[in-house]
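After this come two complexes, each holding chain A, first together with chain B and then together with chain C.
Take a look at the complex of A and B:
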């Protein structure tokens, strides 16, 4: 009898605390209400950067797709390799899914030239069509980091000269931020991969 | 009394094995704090950017250079398991000889490596001859 009660309680607990995998991911960030009562969600502004193949990367690059974003620099002595390793797992997982892309911004705009980014991406054996490594005007990169809820700024006292977060951010087809994870944490990245799958299901209902 | 002693002793031994405690816990701590960010927790490295420490032939072939690399870093091109790595590695100058010994032993006994254990004297001797490092596998070979 006791065993049965315990079992039942456990099931109840799992049901109550378990994530509701069918609910849509929230839209993150500040929101406003339009005069007509509609909610206006914060969205990613226009941007234009250059990738490892000297190709223009802007909002149109991700038209009709969802994408994951992070901020890094090549000579980063701290968290970047861990974030890259987890990013590579995401990349591998969705390698053949054209509905999903990745976008990495270099925050070391002085040193991480297009050629340097190219070399970096090649050494990771990355398909430039799938994962864009971009550089651009320093202020534009630092500015858009805010829109992705990420930290990116110069700090001579920080290792490597920059402060930055190891976050990976998920953006939907409507330029809304829908999820993020701590890119240095493998388990959190696993949860993030499931979030990507959820968002794909939500935004591409007709597909598989 | 003796019974309790034996019991607690065997419990302690059991715990060490049960928790998968490795032989070099302090080396593991140094690794996590100073190496794992780049070489990753499982020593896998990263693509052709950061060489693996797991199953690494470099550890065997360049045993006498390892302590120097930990302390002073690396600017040479090196060959690890047949793959060329050219990125610079920053040294970790604040590690003591003991810490370097521990971390080398941790790396050398994990992830498929079977590097014979380092002794402090050996590491100390290696560190004293760092400047006369032969530049092996350097760009001249390309």
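Take a look at the complex of A and C:
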């Protein structure tokens, strides 16, 4: 009997120490304290780009939704095909969930024109309302990449920047970065998919 | 007599197979080296763009000052911005043109990859030179 109790207690202890899948995801990035004592989290600034259907994509496009972000090149021989494959898995998983979207920025603003983005999206058989492939002024794209990546970085001393990392970033309804994964790694993408589910549960408690 | 002929023929076939495998392995190795070089060079891309953006802001501020020193600094900054943007554009052009040589013969693939490797080596050197030039102007 004593052994059984010890065994049960050990199981409880292990369960308590493990990751709590129902706990809210942390808000990533540096934070400030407002004069009234409130914590101010870094959020994604305003942006405006054009997508594969020549439609304007800005912050309002993602109002009331959570979204995953990445930076890519259509003609990328190494990292992008792997990130694209994992991005497609995320897309398929949440295809029918209107609370979630994907946003891919092309870094190659010269070659990845709107027409090229359209061909790329069509080749992937993507619903343009769900997954926006955007382009814009080169400095604006690099600038917003700095904003996303400087928040979603593992080492606080490392500079931001996309650095060809294949990283996919999860942004919540309040423009806060909540999670990221290595988009070249299928297992890490699986964990990221679970993070998306957790965030959906947290931010849309009454739905689904 | 038949067995006597079979041995050299088998040896000949085996040699051909070994040479073909060796060449294919060379192609795979060179492809990996070229793509690794590209990945390594890419690590500098966001840095040079960030520095170029900061330099552009400074150029705009210098425009309103108008002194000789300011104009000299502006000219130096513009030269380095141009150098950084060229390195960035060359990388994009390389990526747009590069294709894994899957449909080429072994000889063609080796030739193609040697050429691509050299181009990427030059691009990487250009990125480093641009970063070095930018460092010398950083305040």
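Assume the second predicted complex is superposed on the first by the 179 of 208 C-alpha atoms of A that agree within 3 Å, B and C clash if a C-alpha of one lies under 4 Å from a C-alpha of the other, contacts with A are read in each partner's own complex, and residues count from 1 in each chain.
One rule holds in what follows: a contact is a pair of C-beta atoms (placed from the backbone, for glycine too) under 8 Å apart; a residue touches a chain by one contact, two chains touch by 3 or more.
Remember, it's a predicted structure, so these values are computed and weren't measured experimentally.
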{"item": "First, second, both or neither for A:108, with chain B first and chain C second", "value": "second"}
{"item": "First, second, both or neither for A:146, with chain B first and chain C second", "value": "second"}
{"item": "Partner chain in contact with A:125 - chain B first, chain C second, else both or neither", "value": "first"}
{"item": "Chain A: partner with more touched residues, chain B or chain C", "value": "C"}
{"item": "Touching partner for A:138 - first (chain B), second (chain C), both, neither", "value": "second"}
{"item": "Partner chain in contact with A:178 - chain B first, chain C second, else both or neither", "value": "neither"}
{"item": "Chain B versus chain C as contact partner of A:78, first or second or both or neither", "value": "both"}
{"item": "Residues of chain A that lie at the interface with chain B and also at the interface with chain C", "value": "75, 77-79"}
{"item": "Residues of chain C that touch chain A when the two form their complex", "value": "35, 38-39, 42-43, 45-47, 49-50, 52-53, 56, 89, 92-93, 95-100"}
{"item": "Residue ranges of chain A in contact with chain B within the complex", "value": "75, 77-79, 81-82, 84-85, 88, 120, 123-125"}
{"item": "Contacting residues of chain B [partner chain A, same complex]", "value": "36-40, 44, 46-50, 88, 90"}
{"item": "Contacting residues of chain A [partner chain C, same complex]", "value": "73, 75-79, 107-108, 110-111, 138-139, 142-143, 145-146, 149, 159-164"}
